[in-house]
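Next, two complexes with subunit A in common: one pairs it with subunit B, the other with subunit C.
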Partner chain A sequence: MPDGWVGRSVPRREGRDKVTGAAKYVDDLHVEGMLHGATVRSTIPRGKIVAIHYEGDLPWDEIVVATAADVPGANEVKLIQTDQPLLADGVVNHVEEPIVLLAHADREVVEKARRHVRIEYAPLPSVHSIDDALAADTVVWGTDNVFTHYTAGQGNVDAVWADAPHELSGEYTTGAQEQMYIEAQGMIAEYDPDAGVTVRGSLQCPYYIQTALCPLFGLPPDKVRIVQMATGGGFGGKEEYPSIIAGHAALLAYKSGKPVKIVYDRIEDVTATTKRHPSRTKIRSAFDDTGKLLALDIDFVIDGGAYITLSPVVLSRGTIHAAGPYRCDNVRVDSRAVATSSPPHGAFRGFGAPQSIFALERHMDRIADYLGLDPVQVRRRNLLQQGQTSSVGQTIDEPVDLDKLVDRALADADWVAKRKAFDEHNASTTGPIRKGIGLSVFYHGSGFTGAGEVHLASKAVVEATAEGRLRVLAASTEIGQGTNTIFSQIVGDAAHVPIDRIDVVQPDTAHVPNSGPTVASRTCMVVGNLLAQATADVVGQLQGAGHLPATWDAEQFTAACRAWYADHDALVGRANYQPPAGVHWDEKNFRGDAYSAYAWACYVAAVTVDTRTAEIRVDDFVAIQEIGKTVNPILAGGQIEGGVAQAIGWAVYEDVVWKDGRVANPQMTNYIIPTAVDTPPIRVAFLEPFAPQPVAKGIGELPMDGPAPAVLNAVAHATGVDPRGVPLMPETLMDLLTTQETAQ
Partner chain B sequence: MSHVNVTLTVNGTEHTVSVHPMARLLDVLRTEVGLTGTKEGCGEGECGACSVFIDGVLTNACLVPVLSASGTTIQTVEGLEGAAETLGPLQQAFIETGGAQCGICTPGMLVAAASLLRRNPDPSDAQIREGLAGNLCRCTGYTRIVESVVDAARRMKEARS
Partner chain C sequence: MRGYLPDYELRAPASVDEALETMAQAPGQWRPLAGGTDVMVELAAGKLPPGKFLSIWQLPELRGITLDDDHAILGALTTYSDVRDHAGMAAEYPMLVQAARESGAIAIQNRGTLGGNIVNASPAADSPPALLAYGAQIELASVRGRRWVDYRGFHTGYKQMGRQPDELLTRIRMPRTPGGAGALHDYRKVGTRKAQAISKVCLAALGRLDDGKVAYLRAGVGSVAPVPLDLVKTEAALLGKTLDAATIDAAVAVAEAEVTPIDDIRSTARYRAVVSRNLVRDFLTALAAGETGARVHD
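Right, the complex of A and B next:
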């Protein structure tokens, strides 16, 4: 048992409320006099709004109606840019774009009314693929449909091709993915002329919503209060879109003077809110006979949808991760985020990295195939070592031992024996069943990219009460990942007090400081560290006043607090983010220290493919990672397992079907996420930390990066076909198998 | 259609509510009876977040018109053994083994797990996965849900012996 709370599997702090049905999510909240809101959305991908008709036998005089003209401030959803309106004004740029808001006390009336608002359009041409966006025959954004263009890398790839012993190229694609949190999105807003706007709801980032709502209503931050309710999953899907729902509910509340609840049903949630960016990656590589990489030329494009939203930062992370955890002297990553006429794609666990890592890790297996080498051997030939630099010029300072990571994964997965047994089975069988095993090696940067954490300038506060209780104040949200528990463990250790004396305050912008958004695997590493410092500030004040000795126990801490309050009104510890020394990022040239820490991983998937039905079943999954210090093994394991299952879904089950820019399968009955039966046992282990003084690296997104290429590499091993895209649906695999059969 | 009176026994207490006969049992439980532990995930019987017992049978409350549940005995997550003061073995296992993350599928998952353990007090991992296949979870990858049910079965067995 470790000394202290960190390192122990402390049970989830809010677990009791969650297992008794007591936890209150937004739809569980009823506010007296509340109206129900609904959203009328565009039915076409792009066009001018000619007229809006309110039809049908409905009490229109009782129904609150809001359009763009009712927005009291600027009709812009402030994020990185302000190109997205809260409500379409004269023109729509994607299917399901919000145009009119309605509210009524009777939910059935408002739902009926929603279906009786008829909008006349003059359609305009639209764009529905990355290729069409790049061709720019139809321009839907700027002058060329390109939101953002980055060039990153090192060396000179063009000098390598002429003398390269081997060259291999390939094109890889990844599809959109729906977050499919089980709790659909929702908000309840209230407006009071004196107090301003108050919004409660399902969300990841309270201060993002506050930032968006202030200009919409022309209100200062202290008149826009955002409160997080218990939140039933986020995965990035509740990062930026909640600002829009909050704005809608608040606008209806502002216009009606009554509380307004908007809770989406599943179809509205899936069709209207964000998804993972679809991507297309072209890789041209040069290597020697042993598989040593000589050049990687990567052209990475993501589909951002109709507005820019978070696409530049998604692209940035995908760009930085595109060359993987490998040493290569000549790398060029040319990357673009482009506009199409689908609803904006947005944050989703992994944030661009799963897309570019999928392409590279499939490509690494193809290099091995081309050379007739083992895929493990080709990767080992290139793994980054301590002191080497990544493709963006970041020197790896920590004593990484990626071979050890790979060794452990192979041992746990029984790689050698299985690879051999599967090869023998596949060569000798006359039946339809094929078996394969595949791997991926990857890393994921913790926290905001580059100078992002400096710009965020996060703050956290720990208050001590006269009874010696500690109140944790941060905007970081518990969305299932364990924020409440790990914060308690970190603060408990810093103050030497039991966990049950710590209260993690529910994020509420009226009470908690801005510790930054709950994204980018940053909560534990960045905010956890701030809370340790804020607690140390409390301890320092108690010691400075002579109330607490240099070493102390919980009872002495309580006594010290009591003594402090004899002549003080409050005891507040504060911490502000300070960048680690010696970390530099050159945003313009995309060079330098992209992240202050990386988590490293090797994943192995074993699959069975039925060649008659082209069904793929993942039988076994081994996930080995180095994450520095593990704060809570059960919660950390849960993060990895959940991410792996979600990524297996992306790899072989979850197919977003688009029809003219609209999702055609927006239900759980036709967009298939893995069930308990579809998911293999996921065997997780955390390697001993590489560094002697390890930090707790971010882990929320890491498990999304590796499974898709590992599974597809296993399918390639099982069948001999060369799948290049996810999701690999049976239809696609059937075509590949048929083509292979015809060729033989 | 006008409202009708429907009588339900929910977690041991009788309720008579005046509702539209085609109102979903899920909505009646949440708004009329005031028990919000039963959740809605999909509204079409796919996710199992609204799982309840109707006369002891595991059912998706979102698919049941309230009139057809008239006179039945309903048990929700709030009425599971140990959901009040001291936690029961299932709830304890879900907290300690990591079976609950965001918590939104948890009520339905607990009801489905209780149903499974009533039918089969000592299920194998495969039987647990099969038994919970009607309940979607997006957080856990199911590994720790399976372990939680195994753990709960063990606790129940110890309590019996």
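Right, the complex of A and C next:
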């Protein structure tokens, strides 16, 4: 048992409230005089709005109606760019685009009214695939449908092909994925001419919403207050989209003068809000007889949907992770985010990395197959070592030992014995059952890419009260991942006080400093570190005033606070983000230190395939990772297990069915996420930290990266077919099996 | 909740007679509402057309499972949980029990009824293939009287049934010891996942060999036609035959010709056709190998 709080599995601080139902979510909140809002959305993927008709036997005189013309400021959702309107104005660019907002005191009346607003359109041609977007026969954005184009890499791939002993190419695809958090999105907004706009709701990033709402209303930040309610999951889905719901609710509140609640049901949430970007990756590789990589030429494209939103940043992370944790002297990654007529795709756990990692890790297995080598051997031949540089030229400073990571995963998964036994079974069986085992090796960068953390310039505050309690002030949100708990552990250790004397303040832009968004696996590593510094600042002030000795206990800390308040009104510790020394990132050329830390992992999946039905069952899953310092082992293990389950869903269950740019399966009955019965035992272990003085690396996204290729590699091992895309549905696998049977 | 409740009328009669009387007064106007496991989903999704609903959930006459010398008789309101909990069902009708186990979650199994499953007439429903294989009959009641009809042939087209507008489905019965002693019961639902799934293909097959020849065979298939499908031609092709490889091949070809699957959001016509074929082959192979009793699929 460690001395302090960090490293111990202390229970979730808000856990009791959540399991007893005491926690208040936005839909639990009723504000006196409140109206219910609803959103009328486009039913066609692209076209001009010709007319809007308000029909049916409804009390239209009682219903508040808002359109683009009612936006008091600029009709734009400010993010990286401002191409997305809050409400469509004259033209729609995707299905489910918001056009008209309605509000009424009766939730059922407003819902019925929503169905009686008829929009007349003059349709325009639309684009529904990456290939069509690239072909640009129909241009839906800019001049060529390309939001962003990056080129990254090192060496010269073109000089390698002529003399390369072996070459292998392949094309890989990944589908959209719904975050499927338990709580659908929702907001309550109020407007007061003096106080401005106040919005409370389900969200990950309070300051993103403030930034988006200021130009909509022409208000300064101190007149736009955002408060996070208890939030039932996010997974990135509540990163950028909540700005739109907040803007809608606030606009209705502004127009009606009354509080307005908008809460989506599951169908609206799934059809209208963001999904994981679909992707297509082409890899051309050169290697020698041993599998040593000589060149990787990667063409990576993601589908951003109708507006640019976060696609450039998603593309950036996907680009940097595309060559994996391997040493290769000649790498070119050419990547594009393209526009289609889908609702914008957005942030989702992994943020572009799972897409490019899937392609590479499937390709590594194909190289092994091509050479007749073991897939482990091919990877070992290429694993990055300390002092080597990654494909973007980042020198790996920490003493990584990826062989040890792989060894542990193989041992836990009983790889050698199972691989042999499955090979024998598959070769000899006359029955329908095939078995396979597959792996993936990968890394995930913690925090914002490159200079992102410098630009964020995050701040955090820790206040001490006269009673010796500590108040944690940060904009980082608890969304089920354990923020409140790990913050308490980190601050508790820095102040040497029990964690029940620590209060994590509800994120509210009126009270907490901007510690940055709750994204990018950055909360523990970046903000946790700021809170440790802010606590040290409190301690330093107490010591400077002579109230606290060099070593102290909790009672001495309380006494020191009491003494401080005898002649002070407040005790505030502050910390501002300072970049680590010697870190440089060249954004233009995609070269340098992309991330200040990486978490490393090797995952192994064992599967059964029933060839009668092509159903895939994941029987066993081993997830081994090195994450530096583990703050709370149970919470960390839970993050990994949940991420693995979500990624197994992406790999073999979750098929977003598109029909003319609209999700055709937006309910939990037809959008299939794995249940407990479909999820294997997930055996999680954290390797002893590589570094002697480890940091707490981010882990939220890591487990999303590795399972899909491990599962598909296992299916390939089981059946001998060569699946290239996720989700690998039984329908696709059955076609592959049938083709294989015919070929034999 | 997308449904607008004032658009719906709900009446809860105190007896079956009152229910039948209500239906007789306005034939076709009242839609019987049992466990609500389909209707409530449509209501929440805003897909339930406004109309009149006759709740029969509270009528005890429509509940209960009894076994007499000739039949197992189940009230139309028999829930999946009732089926799961009944020892007699497990002993003689394992495919129906399996269907009940694989329908929805426990909460749905507590509300969903066999009668509702039949008259909701979804081709993807889990219990109809088993009821078809077990040679079930259903009782239809109206103020004009009660009649038993074969369940086979009851579904005449997508959501079309041989039920008169004033008739209420009141009971279901199945012959005792279906298929005879030593029969093989094979229920296999291929769903979108292992639990809480709707089927892509669902086969319930009951067969028995005497002296190596097919003495009994009945099979129902879900999700491969506009109706829960009886494989009548496959049955006819096999009765009295020795189950050798050539016979099985021929029967599988007949079965493949009998199914008429479509593409939808759950699966494809091609997949459904291949899986139907494979499941029929798998069943016949097991039957030929001498397997009896309830097959267990992991």
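Following the convention adopted for this analysis, the second predicted complex is superposed on the first by the 744 of 744 C-alpha atoms of A that agree within 3 Å, B and C clash if a C-alpha of one lies under 4 Å from a C-alpha of the other, contacts with A are read in each partner's own complex, and residues count from 1 in each chain.
In this section, a residue touches a chain if its C-beta (ideal position, glycine included) is under 8 Å from a C-beta of that chain, and two chains touch if they have at least 3 such contacts.
Bear in mind that the values here come from a model prediction, so they are computed numbers and not experimental data.
Of the two partner chains placed around the shared chain by superposition, subunit C is the only one that A:Arg115 touches, whereas subunit B remains out of contact.
Applying the stated contact rule after C-alpha superposition, one finds that A:Met734 touches subunit C and leaves subunit B untouched.
Once the two complexes are laid over each other on the shared chain, residue contacts for A:Gly480 go to subunit B alone; subunit C is not touched. Once chain A of one complex is fitted onto chain A of the other, the partner contacts of A:Ala22 are limited to subunit B, with no touch recorded for subunit C.
When both complexes are overlaid on chain A, the residue A:Thr613 reaches subunit C alone and has no touch with subunit B. Touch counts on subunit A: comparing subunit C and subunit B, the chain ahead is B.
Look at A:Arg12: by the touch rule set out above, it reaches subunit B but stays clear of subunit C. After overlaying the two complexes on the shared chain, residue contacts for A:Met180 are found with subunit B alone; subunit C is out of touch. Touch criterion met: A:Ala664 reaches subunit C, while subunit B stays clear of it. Residue contacts after overlaying the shared chain place A:Gly637 against subunit B, while subunit C stays out of touching range.
With the contact threshold set out at the top, residues 265, 667, 669, 674-675, 677 of subunit A are in contact with subunit B in one structure and with subunit C in the other. The touching residues of subunit A, when paired with subunit B in their complex, are 9, 11-12, 14-25, 27-28, 30, 179-184, 230-235, 265-266, 479-482, 634-635, 637-638, 641-646, 667-669, 673-677, 679, 681-682, 684. Residues 1-2, 4-6, 41, 44-46, 190, 192-198, 200-201, 265-268, 270-271, 274-275, 278-279, 282 of subunit C are the ones touching subunit A in the complex.
Partner subunit A is touched in their complex by these residues of subunit B: 30-31, 35-44, 46-47, 49, 76-78, 83-84, 87, 90-91, 94-98, 100-107, 110, 125, 128-130, 132-146. For subunit A in complex with subunit C, the residues that touch the partner chain are 107-109, 111-112, 115, 265, 267, 432, 612-615, 617, 653, 657, 664-665, 667, 669-670, 672, 674-675, 677-678, 730-731, 734-735, 738.
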